[in-house]
Amino acid sequence: MTIVSNLPIYAMLVSFLTIFPIIIFGKNQNVREVFTFIAAFTKLYILFNLAKFVLDGNVVVCKLIQVLSFISIDFKVDGFGMLLAIVASSLWIVTSLYSIGYMRSLKEHAQTRYFCCFALALSATMGVAFSANLLTMYLFYELLSLSTYPLVTHNQDQDARTGGRKYLTYLLGTSIGLVLPAMIITYNLTGTLSFNEMGIFGNSIQIGTLTILLIMYLFGFAKAGLLPFHSWLPGAMVAPTPVSSLLHAVAVVKVGVFCIVRILTQIFGINLLSSTHLGTIVCVIAGLTVLVSSLVAISQDNLKRLLAFSTIGQLGYIVLAAGVASKLSVTGSMLHISMHAFGKITLFFCAGAIYVATGKKYISQMVGIGRRMPFTMVAFFIGSLSIIGLPLAGGFLSKWYMVLGTLDVGKSWVMVIYLISSFLNVAYFFPIIYKAFFCTDNESLFPNEIKEAPLAALLPPLVTASITVALFIFPDIFLNLAKIVVGVN
Amino acid sequence: MFEYLITNYNYMVVVFLMMMGLWAMIAKKNLVKKCIGLVIFQTGIILFYISMGAKNNSTIPIIDPKYGEAAINYANPLTQILMLTAIVVGVATLGVGLMLVQRIYKEYGSINEDRILEKFK
Amino acid sequence: MADQFLVLIVLFPLFVGLLIPIIAYFNKSVVWPLAILSLIGSFWAVFNTATQLLKLDPSSSISYYLGNWMAPFGIEYVVDRFNIMVLFAIICVSLLTTIFAKQVIEKELGDNAANFYSLFLLFITGLLGITITGDAFNLYVLLEIASLTSYGLIALGRGRALVATFNYLIMGSMGACFYLLGVGYLFIKTGTLNMDQLYDVLPLLFDSKAVLVGFVFIILGMWVKMAFFPLHSWLPNAYSLAPTAAACLMAPLMTKVSVYVMIRFMLNVFSTEYVYSVLTINNIIVIMSSIAIIAGSIYALSQKNLKKMLTFIIVAEIGYMVGGVWTGHVDGIRGAIYHITADAFMTLCLFMAVGCIVYRVGNDKLESLKGIFKKMPITMICFLVGGFSVIGIPPTCGFFSKWYLISGAFNSGAWYFIIALIISSLINAVLFFRIIEIGFFGAMSNEKPDYKSLQSIKFNEVPINMWLPLVIVSMILIILGIYTNEIMTNFILNIVPMM
Amino acid sequence: MIWQFDILLLTLVVVCGFVSLWIKDLMGAVIVFGAYSFLMCLVWTGMGAVDVAFTEAAVGAGVSTIFFIATVFHTSRTIRYNKWDLSTKFFSSIICILMGFFLMVAIGDFPAWGDALSPVNNNVAKYYLENSMEETKVPNVVTSVLADYRAFDTMFETGVVFVASLVIFTLLLQSDGRKKLMKSAFQKVSFLNVSESLIIRKACGLMVPFMQLFALYVVVHGHYSPGGGFQGGVILGASLILLSMAYDIKKVFARFHMKFMIKSLAVGVLIFAGIGLICLILGGNFLDYSALSKLFPSMGSIKSRYNAMLWVEVGVALTVMSGMFAIYTSLSSNGKFEEGL
Amino acid sequence: MILNIISILFFTAILYFSSSPLVFYLLNGLSICLILLGLFFFLGTSIGVIRFPDFYTRMHAAGKGDTLSSILILFGIALFVLNTGTLSIGLVLVCIKILLIINFIFIGSPTATHAIMDAGYGTEVKHWTNDSEGIKKKK
């Protein structure tokens, strides 16, 4: 049954309203940071008592504005939205702590602008998570890509400009070029845009338009980084590390994948995907993305680019699982969103810590770093475990469900893709760890006085690493959320 | 054919005048000639309206008992009112146009469109 | 007194416009407040008419006989749900421009500012008259007043404004004469000038060639006045070289009012059944408008200075409206009608922002925009809101009008129109983000941006009475976007008869 | 309307138009254009549109020829023969021919020229002809429709004259920069003292009073004979122009200063609109003269309409007079306002 | 000026007193030959304008045409108007209006011709002399 309450709006507005105090107290940093934390904690608190409703099976609905006679901007919170919201807000706390450490140590310019855009990006993510229909999702999706532009081009130099330009052309171009017409065509075909469990396409619409629509949606939401439109992600590595962590783990990419999975499950509907050949199209595209990105990741030398390509691969996993369109695999994909978030953010924090402490970006320079910065590298190790999907970290569970899902439906070639890509993940993570810990190198590379990064930059990776391990042990928060949505008991 | 020519001669002259005015406005390079074309175009339309309202063997629309009451034997006053306005508007536009020609000549020293464009380069 | 508001709308600016040259000899400083007072009075009149109108049932209209002569014999003012919306747009735009334009006029025009204000107000009277009048010939006279004042306003600009005005004069009077010719062709067949009576008489004459030629010439005349693509050569020079205050007033309104006239003739004089079923040219015109959209956007891309770029965006927007109406589907027409008001405010927001930049920076070349974000944050944010609305980002009204246009085109099978709309939104996105880049990075696209030069730029905003209307307009853009539903249901829905 | 006479005149008109466009020497073209306008007046008188012919003669032929001559005088007289660039000429002739053909097609559909039963003459115009006499007591139906039935059009028409002269005055004033106009310190320019000759001055001195008298007759007599505000105003303006040609602008300015001109421009239109406003205040619709009978009890609604039209005509004459003279002085002195033609 | 008015009064007096048809035909005949005379003069002037060699002489001929022939024609028309139908004050008024036109032309057109000649002389337009045969050809 549905409960009408405007908690979701408060959740969304909290981070939106913090922008004004941040601007007002822009001058002295401490007060400004305090406000960010207050906002983060209140948001988390709101989300938890929202989760209480969602966990015992009902959906929270609230209406915002009746924009057109048939479309309105209103929110509907279900398990899947809840999952993304919790992931995003919890990581927001960690990331803001990390960015304070990062910014202050590197004495970055325009920090007020940074934190405002951060808060705006978060409220946009909330908006997407709670959106009840395609228009609201599109609205907040656009808002997100616009609010993250100043973050990506933060250090305002030449390659920041090229990265920002590529970022915008991909995201805005595909969203206006493909999603807008697709949305309008969907509206004209079905008369409504709101999500519902079984998908809104009746069987009257012939398969041709459906395939075109599917392709438009898949490539329209370029944030999910499917193959042809993925190159903005490595391009966005120009941004400072907390931003790239935001991009990869907390908000941007997650939102992209969230939208695609939402559309696949609640616009097209699982049984429509499985019955027609639409599901296979999704699997082919996603599979290609996974394989190609993992192969490219192996040859990368810059650590952050490597992580970027691995993210593309992991997103491909999520879409692949959704494409398989069986109940178990969809739960697996939803679960993987949270697992991947925590795992990847740890990796990015470590990369950031290494950069802050040693100023090194390239893996070839990181020989024997394990001895100098043991804690960071341990966190890095746990994070990579989660990405690869080995038992010690949370990643394993989601992959487990995904593989079970493929077995139900009997798509064996998808399972083959899973295995190959896991091997490839190992192939690009293991050399880093091996170089860091096991091989010694001459002293010149690392004068021994380098110690760990400052506490503010060291603590967050450890926290997220411990959360990844915790998720492996009691994953029930996200698991139940995913299960409720899919209806598996 | 001759009969057709007679009855519609007016309208043909109207069309011809308008096309002459239009041609002058577009093709002529000299700005004053363009203004002349403009006024010819407008007088063409005025002729069209007036010949619309003309009636055979009818007198000017001043009602006096000699010609009686019926509307048949008076010319159509409505088209004449419209054309009074059109003439005055035409002269107003002409005045503004000629003022612009003078200012352009003072600024660029020539009233030939090509010379002026060369000066812009 | 209650039903006199209709004529008061036009009388307020007319009287003050006439009084200003006289008052200006006594003291010059009273002219600006007087102008604002007259527009507020007119706004009050529009507001009252609107309240009266909303009480009646949707498809009815209020009419007002000038000189107390019944409809076909005297001139009649008609206000229905459609032109009350356009009236609101005109009044708000002109009020905000007058508030905005005080310093700009003093800076650019100096001593003959009084005459400028008088032309300013008479231009607004002309536009208001065009929107309300129910008589075809009266519309021609008001069209002439509006164009004559706009020649005056533009010619006061600098540099090559004179040659631009001369071209505008020739094209403008050509357009007006085409309109007059079209009305003449209708007049000779029907004998009446009143639009409602034409609506009743014309159905009997649908097969006659004269009515067809009349229709073609009226539409042709309006196309020249609204600068539809093949006939648009006068607009870019005219609006970019005009004084800022004049550009801010004319750019949003002049073209939109001619679109309004075209739609009024298509829907209320020649019934939709004539335009879409008897004539089979609406597909060709939709193709032409798609070409207009794409050409306008490409031209805008190749421009070096800001105002010229905005004028070409206007040309593209006209393509939206004309294409929207001619798709023939109900959604398309509603989208075009909604786009009139939306686009008026969008263009006003952009031109005002450029006005502020020119006021502070001196010229509107793209080079002079370096580091503008730091120097004039408020103006640039409003410029962005305007830009987003032109691109069609959801909360702003641009998105919803595009929504209707695309769905109208989709239902009527005009896929090329959808492609043109999408391409032009993408090009608009490139245009505006190019400006954001220059403003944000403080360096042209070819130079290397370095952060040090950005530090030196300090905060240097325009005076309050310039950026306040700007903020109000960008607010209106968003509010208009959000409340599209109210506007649609009680203003636009019942204009278009079901087809 | 004897059709042979009409055809002759129309062919002459077309020939004049073509010649005026074709002649190389601008002054010649302008003179031929003057002839073109006068022939046009004849055509209209033939068709019974006497008021329009009167206006065309006074405004179209008289004043605009003077404007043309003033402009040609201040710009170059001959056209430098440029090469015959085929592209624009060819392109525009194609357009014109196409448009002409398109217009011709519709001619077949028109009612025959001059038949009294065509819809144009039967629908609204019939009402005017029959009811104007008892509703406004004005025999000249043209003036009654002009000043009463469609008075709103005429108000905006005077507005057009006001706007045009304001635009021309402002722009030429702005161009010159020297605001001598406001100060009265003119310096004498010895320049081709053609207009010094005694004979012209004396003749003009003799003629101008009669002209002004005739102009007033035309304005006031608009109800009974062709004429009215516009024609009278233009003749008044023409008399002033004649004076400024015989003597020079400085002399006329002494009596009729430019500042006064702008004010009388605005006052004329304000009289017209003011009367409308008074009717509005008195309860009738805008420009509904019968409401004035409340103001002057002696006059019934019809009588008040009759007189209101007279005042309105005076307002129009005032505007048109000062308008035409303002335009003449600005154009002929090219903004310097000290030495006319 | 006065001459005109006297002559018209003289004619109205004749008509008023003797209403016999003979006078009617006489007056009609008079107006017709007046108009013919006027037309004849017009013919003369137009031939003059074409044939005369240089500016001044042509201008002289044009001047003649304006004043003399138009006055004759107008006088003829005045008489003709006087003659239509019964003698009423309205008709006499129309006659006097035509007379006013005659006076106006009588003052106006010679001055105009004079002004043009003066301007021609001012800008040194060359005269035609015996030996300068070539002027006509050259122009």
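When the chains are written out, they are named A, B, C, D and E in that same order, and each has its own residue count from 1.
As a convention for this text, a residue touches a chain if its C-beta (ideal position, glycine included) is under 8 Å from a C-beta of that chain, and two chains touch if they have at least 3 such contacts.
Every value quoted in this text rests on a predicted model; they were computed, and no experiment measured them.
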Can you list every chain that touches chain D and also touches chain E? none
By number of C-beta contact pairs, the top two chains: B-D
Return the chain label for which the distance between chain Cα mean and whole-protein Cα mean is smallest. C
Of all the other chains, whose mean CA position lies farthest from chain C? E
Taking each chain's C-alpha mean as its centre, the one farthest from chain D: A
Can you check how far apart chain B and chain E are, centre to centre, with Cα atoms defining each centre and the answer in Å? 32
Cα centre of chain B to Cα centre of chain C, whole Å, reads 29
Rounded to the nearest Å, the gap separating the Cα centres of chain A and chain E is 102
Chain B to chain D, mean C-alpha position gap in Å, rounds to 13
Shared-interface residues of chain E (touching two or more other chains) are none
Can you list the residues of chain C that touch 2 or more other chains? 137, 141, 144, 148, 151-152, 155, 187-188
What chain-chain pairs meet the touch criterion? A-C, B-C, B-D, C-D, D-E
Within the complex, which stretch of chain B touches chain D? 6-13, 15-24, 26-30, 32-33, 35-37, 39-40, 43, 46-47, 50-64, 69, 71-72, 74-85, 87-96, 98-103, 105-106, 110-112, 114
Sites on chain B touched by chain C in the complex: 18, 22, 25, 31, 34, 38, 41-42, 45, 48-49, 52, 82, 85-86, 89, 92-93, 96-97, 100-101, 103-104, 107-108, 116, 120
With touch defined as at the start, can you tell me which chain D residues reach chain B in the complex? 1, 3, 6-7, 10-11, 13-14, 17-18, 20-21, 26, 29-30, 33, 36-37, 40, 43-44, 47-52, 55-56, 59-60, 63-64, 67-68, 70-72, 74-76, 79-80, 82, 88-89, 92-93, 95-97, 99-100, 103-104, 107-108, 110, 112-116, 118, 120-121, 124-126, 128-130, 132-133, 139-142, 145-146, 150, 153-154, 157, 160-161, 163-165, 167-168, 171-172, 175, 224-226, 230, 320, 327, 330-331, 334-335
Inside the complex, what are the residues of chain D that reach chain C? 102-103, 105-106, 108-111, 118-125, 127-128, 148-153, 156-157, 159-160, 162-164, 166-167, 169-171, 173-174, 179, 259, 262-263, 265-267, 269-270, 273, 277, 280, 284-290
Under the definition above, what is the set of chain D residues touching chain E in their complex? 192, 194, 197, 199-200, 203-204, 206-207, 210
